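Here it is: the structure, laid out below.
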Amino acid sequence: MRIEWGQCDPAGIVFYPQYLVIFDSSTGWLFERTGLTPSGMRQRYNMVGMPIVEVGVRFVRPCRFDDDVVVESEVSEWGRSSFTVRHRILNNADVAVDGFEKRVWAGADPERPGLIKGQAVPQEIIASLSDPTGATTIKAPPQRE
Amino acid sequence: MRIEWGQCDPAGIVFYPQYLVIFDSSTGWLFERTGLTPSGMRQRYNMVGMPIVEVGVRFVRPCRFDDDVVVESEVSEWGRSSFTVRHRILNNADVAVDGFEKRVWAGADPERPGLIKGQAVPQEIIASLSDPTGATTIKAPPQRE
Amino acid sequence: MRIEWGQCDPAGIVFYPQYLVIFDSSTGWLFERTGLTPSGMRQRYNMVGMPIVEVGVRFVRPCRFDDDVVVESEVSEWGRSSFTVRHRILNNADVAVDGFEKRVWAGADPERPGLIKGQAVPQEIIASLSDPTGATTIKAPPQRE
Amino acid sequence: MRIEWGQCDPAGIVFYPQYLVIFDSSTGWLFERTGLTPSGMRQRYNMVGMPIVEVGVRFVRPCRFDDDVVVESEVSEWGRSSFTVRHRILNNADVAVDGFEKRVWAGADPERPGLIKGQAVPQEIIASLSDPTGATTIKAPPQRE
């Protein structure tokens, strides 16, 4: 992706919270590999989202306006109801940003209306994101709603 | 308010969409003069929000990191179900940004579930925001929910 | 482009200043048709940027998380030192957002150091963006710096 | 500070990169305790900024639109040319977000024009931010530039 003017600060480099915006989007793109849309995922598994519980980032080199960067994202660890997505942003083949997001697979809490609770990550979600070929293994619903 | 580093772009001036973020917040602050919180307003009048339908802005002078600016906002026109908020951002007493937001007072559409529809702006809302002294004229609920 | 989670507000629709972020990026993408990078443009024409002087937007229909939208941008009017870019965001073939940015082609002011001044837009820039085929007509420097 | 509509996502809670925007601003507010403006600091110490090298955040409880939160920030560790700022965001007296930013006190690199290099943090900066009373101990220039 291209670094945009509005992502950069007066020092001419990316304003660091913008990298977290990229992480958040990239996690979404990664989960498209399941073959399900976000709303399809909610319907199929009765989940309500993947709230973040922790993030950690090292900023190794700056990125500037108009740089073409590559974002590499993968699930680096599966817990029972949580998982960790590792993101690396490469600028001209060098690592510029290296970080992780730890998220929870959350559903409605049956005992406390309005609240959410971690649920076991479905095995087929894990399988679809663990395939080293990146192939989609969950059959998507026939059409997007 | 103070202009923050993250609101500025590589030219060292405010990235212009950030002014619209300020407008949106300032409209919220203006409506606090009604004495109602956003959720209090939703409950009392059965409305669902004030979606924007039009915005227009002239950028007269740039604002820079660490500038102290003043935001002046007022409802400049009341329609039946819409209203226009005029915003001016002053930097060192000079107008830097001059613009307006046109918004709709919206409630749930009784005939089309899930959709919204413009509703007449309540007279007491108009009155509370038209008082030239800025006094709050709607009695707020005893406590915030 | 895909509407991202972080662009949307608690009503589930795009937070309107985010459309202006899209406009700003889209103007940048449009000017890539000149065959020059932003920094190449600065070097070749001794300009310093294209500051915005006015924006106007009508919000016709909301866009939601995960919608696929199309952004159409073109220079709708050329002045001597200013120009207007018209942007339309289409969601499912319907116009969701219709707006314009008026910008100035600015260079350093020779008489007031540190300040900028509108300059005549170069004819070849106008020509390259007026070609209905969208072809690039300015020869780019041999390599990006 | 008040949580604004535009900081929240479709789940109705703060979009997490927005917390990092708050961290960045809060570090700036913290350094105002030195009695120097950002540009005053640059002039007096010949530094160019405080680029971030690492960030880590735990998200304990969500914050929602219209919540009043308190941000507590302090330098938790001084290195030779780096320092760590700890930030905690309290919502209704409970910790909602707990994180840190590690930053470098950077000046121009004398041997590589255009690049920056960590420099020893001035003792009076450390002293001014270590005073438990929060008193300003560096005499500011007579007026802001």
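Order of writing sets the labels: A, B, C and D. Residues in every chain begin at 1.
By our rule, a residue touches a chain if its C-beta (ideal position, glycine included) is under 8 Å from a C-beta of that chain, and two chains touch if they have at least 3 such contacts.
Keep in mind the model is a prediction, meaning the values are calculated, not measured.
Engineer: What is the touch distance from chain A to chain C, in steps?
Structural biologist: 1
Engineer: Given the two chain pairs A-D and A-B, which is bridged by the higher number of C-beta pairs in contact?
Structural biologist: A-D
Engineer: Select the chain at the greatest separation from chain A, using centres from the mean of Cα atoms.
Structural biologist: Farthest from chain A by mean C-alpha position: B.
Engineer: How many angstrom between the C-alpha centroids of chain D and chain A?
Structural biologist: 26
Engineer: Using mean CA coordinates as chain centres, what's the chain A-chain B distance in Å?
Structural biologist: 33
Engineer: Which residues belonging to chain A are in contact with no fewer than two other chains?
Structural biologist: Residue numbers touching two or more other chains: 5-6, 11, 15, 17, 21, 24, 65.
Engineer: So in the complex, which bits of chain A are touching chain D?
Structural biologist: Touching chain D: residues 11, 13, 15-18, 20-21, 24, 48-49, 51-59, 62 of chain A.
Engineer: Along chain B, where are the residues that touch chain D in the complex?
Structural biologist: Within the complex, chain B touches chain D at residues 4-6, 21, 24-25, 28, 37-39, 65-66.
Engineer: Quick one: in the complex, what on chain D touches chain C?
Structural biologist: Contacts found on chain D: 5-6, 8-12, 15, 17, 65.
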